[in-house]
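Chain naming follows the written order as A, B, C and D, and within any one chain the residues start at number 1.
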Amino acid sequence: MSTNKTHQSPEEWWSTSIIDMKPGSIRIRGYAIEELIGRVGFAEMIYLMTRGELPTPAAAKLLEAALVAAVDHGPQAPSIAAARMAMTCGVGINNAMASAINMLGDVHGGAGEQCVALLNTIAARLGGDATERRIAEVVEAELRALPEQGHVPGFGHRFHPIEPRAPRLLALVDAAAADGSVSGRFAAIGRALEKMLAARKGRRIPMNIDGATAVVYAELGFAPPLCRGLFVLSRSVGALAHAWEEMQSGQRNKGPIPRHLLWNYTGPPERSLPKEPARPE
Amino acid sequence: MSTNKTHQSPEEWWSTSIIDMKPGSIRIRGYAIEELIGRVGFAEMIYLMTRGELPTPAAAKLLEAALVAAVDHGPQAPSIAAARMAMTCGVGINNAMASAINMLGDVHGGAGEQCVALLNTIAARLGGDATERRIAEVVEAELRALPEQGHVPGFGHRFHPIEPRAPRLLALVDAAAADGSVSGRFAAIGRALEKMLAARKGRRIPMNIDGATAVVYAELGFAPPLCRGLFVLSRSVGALAHAWEEMQSGQRNKGPIPRHLLWNYTGPPERSLPKEPARPE
Amino acid sequence: MSTNKTHQSPEEWWSTSIIDMKPGSIRIRGYAIEELIGRVGFAEMIYLMTRGELPTPAAAKLLEAALVAAVDHGPQAPSIAAARMAMTCGVGINNAMASAINMLGDVHGGAGEQCVALLNTIAARLGGDATERRIAEVVEAELRALPEQGHVPGFGHRFHPIEPRAPRLLALVDAAAADGSVSGRFAAIGRALEKMLAARKGRRIPMNIDGATAVVYAELGFAPPLCRGLFVLSRSVGALAHAWEEMQSGQRNKGPIPRHLLWNYTGPPERSLPKEPARPE
Amino acid sequence: MSTNKTHQSPEEWWSTSIIDMKPGSIRIRGYAIEELIGRVGFAEMIYLMTRGELPTPAAAKLLEAALVAAVDHGPQAPSIAAARMAMTCGVGINNAMASAINMLGDVHGGAGEQCVALLNTIAARLGGDATERRIAEVVEAELRALPEQGHVPGFGHRFHPIEPRAPRLLALVDAAAADGSVSGRFAAIGRALEKMLAARKGRRIPMNIDGATAVVYAELGFAPPLCRGLFVLSRSVGALAHAWEEMQSGQRNKGPIPRHLLWNYTGPPERSLPKEPARPE
C-alpha cells in the first residue's frame, strides 16, 4: 500500500496534521503554542501530540503514572549501558541518548506494544460481554493458541519475583475505573491473563512493567506502536540521567567490563596465511 | 583525566547513584518506585533523575513549561524529517526516534546548552551585584568579546520575526521570580542580551526558544549539557508524533523530495575507465 | 531459545571466535593481523571476519563486485539524505553515517536479504535436480504461493526501466560458474524468477540491484542477515562521501526542502483551550 | 558561514558532484557503474567516492592495508560491545551496526583524524625543507606547545606494549616511498614524533593503529574528517561480524555483565516522599 501520488509538490510531500506554522505563529493540533505553555502538563502535551486531542485529567494522570514508572531499570539494561558507554566515546549527549533508544527494539522495548496488541485482541473477542466468566473463557482460548513454552508479553521477570511497579499502576487504573474515567476492562483482562498463566504453568508469572503499562495504555486507547514510543519517551529519561552521570566520571572508552579482564576466545588456534599470496600483488 | 582504577570488579565498573535494585525492589535516588508512581509528575521525575532531588512545585512547573514549549517545530527540521523518513524504511519506531535524536547536535540541538553556558558566565562575572546597570555592563563586555558577525546562541530566528514561545516562558519566569521561587537573574541577563544585541546590530534579534528555555534551565540550575538532554526529551515527543503519523501513511522509502524530482548533478561529465585495468585481474 | 548460563564469569559473558588478543598480539580467526595487512584485500577481510575463513580468489572477486555495485543511489534515498542532513546539525561524521545506516531497515535495506532467503528456499526445493525445467517448475510454484499483487524482493524498480548493475553482476557470476568457481544455480534461479514474473505480470519486472547482489551472495553462501550487513558496508561508502560533500558546503540545519517552502498543514483549524485550565494550577 | 540561497528549487537544494542518474543509467564521478563493477576494487571505489578520482595502484594498496588493519579490536571496545548488545534487543542488523558506529566519536574514533591534522600541521611548517634535522626541530617545537601531560593522538596504548599493526603499515609506506609512489614525509614525521615522545617521557610511547593509519591517510592526502570516516568503514566490518555472531547466540537483552552480578549503588539511602504530596492531586 502506498499513498505516493505521482506529482506531489514538495509542500504536499511534507504534509502533517500535527503542526502549523506562519511567521510568528506555531499551532499544535490547532492550539497556539503560547497558550499551551504553562497551561498543559508535559504528559498532556505528549497525549495531544500523539492523539490529536487533549486528554481528560484522569487520562493525563494515568499516562503520567505510566511514564514515571518506566524511566529506569539500571545499567544492566543494554540501552542504559549503551548510553553510558557512548558518553565516554566523545560524542554529544544526544548521540548517547540515541544509541540507547536505538536498542529499544522488539525484545528490549517491544513487550508493551505486543501486550497491548494481545489485550486488544482479547477485548475485541469479548464483544459486548465483559463478564468475568466470559473474560476467563476468551483468555483461556487465547493462551491455548500460544505455544506451550511460549512467553506471554507483559508477564514474568528474570529478576523480580514480585514486580513493585505493576500493582501500583493497576491500583491507579482501578481508581480511575471506579469513577468511570476508564473502562477497567483491560485491567480485568490483564488480571485474568496473570491468573490463568499461573494455573497453566503451575507457578506465578507476575504481570511486569510492560504488562502494567500496557493495561494503562490500552485503557487510554493508544495504538500498539505508540506504546513502544511512550516507553521510549520514558526510558529516555534514564538514558539522559545515566549519560550525564557517566559524563561527570571522566572515563574514556568505557567498555562493558574492566580493562584488566579479557574476553574468552573460542575460535581457531593460531595459524598462518598460505605461502602463496591470496591474490596477485 | 580518568577515574579508571586498575582492578575494579565488574560491579564496581558499573556504579551509579541513580537507581538501586533488589529482587522486588526498585529505588530511584532512594525513593521506592511504587511511591513515586502516581505521586510525582513526569517533569518532576525528570528532575529527580537528573538532579538527585525532587523539585519544588514552582521549579517543576517551570521545567514542565519549557519541556512543553519545544516539542515540535515542524518537518522542515532535519530531526523531524529524519523520524518520518526512517519510519518508511522498515525499522522500529524506536529506531526512527533514535535517528531523529541523533541529529540534535551542536548546531540543531546545542544552542540552548550554549546559551545556558553564556548566561552562567555572565552571572558569575556579576558577583554579588545584579543591578540592572551592572548586568548591562557585563553583558556589553561579553558581547564585545564575541566576533562582530558572531551569532549569539539563543537569539535570532530565520523564520519567526517574533518568537511566540519566548515571551510566554519569560512571563512564567517573572511570575516565579515575583514570589521568590527563582532568582530572576537569568531572565534579566537574557533581556539585557536581547536589548544590547539590538543596539549592536541596529535591528531586533529576538530571544528564541533556545534562549528562553536556557533562561528557565539556568534559573533552575541545570548544568549546560543537561539542557541539551532536556531539549532531546522534549523534541522526542515531536519525533514520536511525526513517526507515528508517517507510519500510518503507508509510504515506502520516503526521500526528501517527491520522486518525480531529481537532484542537480554538479560533478565531472561522462567518462570511461582507462583501457588498462586499474589493477591485475 | 537462550544460551544464558546462570553463573558465567564476565569473561565468559564476552566470548567470541572472531578475535584473540594478548599484549602485542592481535589474531583474527587465528591469523596474525600483521600478516593479513598488505596480503589480503578489504573484501577478503570482510569475508574472513564474517565467514571465518578466507575466500577463494574467485569468491573475493565476486564479493568485491557486489560491494562496489551498491555504494550509492543518490540523495533521494532516505539513508543518503539523512547522512547529509545530519552532517549540517553539528554532529560527528560517524554520527551522520550512523543515522544513514540506521535507515537501512526491512524496506530500504532488506530486499537483498529477503531475496537471498527466497533463492535459498527455491534451491532447497530443487534437491539434486537443477535442470532448467525443474527450476522453472519450482519457481512457478513459489510464485503462485505469493499474493497476486505481491512484490517479489529483488525484482522491479521505480526508476530504472533497465537496471544497469544487475546484468553486469550476473555476467561476472556466469564467468565464475563457467570455470567452476561457483555453482551458477542461483543465477539460473534468479533468471527464471525474472522470466516467470514477466509472464505473470505481462510486463518486464527486471532483476534489480538487490536481486543481483542476492544472486552473488547466495552463490557465495552468505546467510541472509549477513547480506543486509554487506549492503550496509557498501552503502556506508555513499553515506561517507555524501556526508563529507555536505560538510564542505557549510550548510546549517539542512532540512528536506528549501526554507522558502513550507509543509502542507492538514490538521484541525485554529482553536483555543477551554476556559477552565486542563488541571489545577 | 552558509551557502543557503534564498530561492533554490528542491532540485538545487539537493545537489551533488558524486552521482548522476537517468533512467537506466547510474554514473559515479562520471564513470558508468557497470564499467566500475568488476574492474575496480572496493578500496578503489571508496577512494573514487570520497576523492573524486581513482587512486593509483600504489595508493589503492595502501588504503586497502589501512582498511584491513582496523576492522576489529575485540568486544571490550564500546562500539563492538554495543553492536553485540543491540543485536540481542530485537532490532535489525543495520540498527546494531548503527549503534556501534554512533560510538566512534572524538575519543573512540577520532584519534586518527586528530593525528592526521597534527601531521599536516607539522608538514606545513616544514615548508620545502624535509631533512631529518628540520623535521626533528619542527616536531620538537610542536610537542613543546602541547601540555606536558598531554596525550598525543596516535601514540601510546593501554594494552599493547608493542602495537603489532603499526610497524607493518609503516613498512608498506616505506616500500611505496622507495618507488616514489608516496612522499614518505609523513612516515618520517610519525617516526620523529615517536622518538621525541620517548625522549620527553623517558619511556616508549609507541605509534598505535590510529597513528599508523594516520600516516597512511596523510600520505594519500585524505582530509582529516574523511580519516574518521575511513575508520568507520573499517570498524563497521567488526561491528557486522560481531553482531552476526551474537545473533546466532540466541541471547536476549544482553547487558554488559552477567545477570547474577549487580551494579554498585552509590546514591542516597532509602527514603520516603514527604507526607504532603509534591503537588495537588
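In this text, a residue touches a chain if its C-beta (ideal position, glycine included) is under 8 Å from a C-beta of that chain, and two chains touch if they have at least 3 such contacts.
In this text, all values refer to a predicted model and were calculated from it rather than measured experimentally.
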{"item": "Most distant chain from chain C, judged by the mean position of its C-alpha atoms", "value": "B"}
{"item": "Copy-to-copy rotation for chain A and chain B - C-alpha atoms, rounded to a multiple of 5°", "value": "180"}
{"item": "Interchain centroid distance [CA atoms averaged], chain C/chain D, Å", "value": "22"}
{"item": "Rounded Å distance, chain A centre to chain D centre (Cα mean)", "value": "34"}
{"item": "Two or more partner chains touched - positions in chain D", "value": "10, 12-14, 16-19, 21, 32, 36, 40-41, 61, 74-76, 81, 90-92, 94-95, 98-99, 102-106, 109-110, 159, 252, 256-257, 259, 261-263, 281"}
{"item": "Residues of chain C touching chain B in the complex", "value": "10, 61, 74-79, 81-82, 85-86, 88-91, 95, 98-99, 102-110, 158-159, 252-257, 259, 262-263, 281"}
{"item": "Contact set on chain B toward chain A in their complex", "value": "1-4, 6-10, 12-14, 16-19, 21, 23-26, 28, 32-34, 36-38, 40-43, 45-46, 49-50, 61, 64-65, 67-69, 71-76, 81, 92-95, 97-99, 101-106, 109-110, 159-165, 167-169, 172, 223, 225-226, 228-230, 232-233, 236-238, 240-245, 247, 249-252, 257-261, 280"}
{"item": "In the complex with chain A, residue positions of chain C that touch it", "value": "10-21, 27, 29-32, 35-36, 39-41, 44, 52, 54, 57, 60, 90-92, 94-95, 102, 256-257, 261-273, 277-279, 281"}
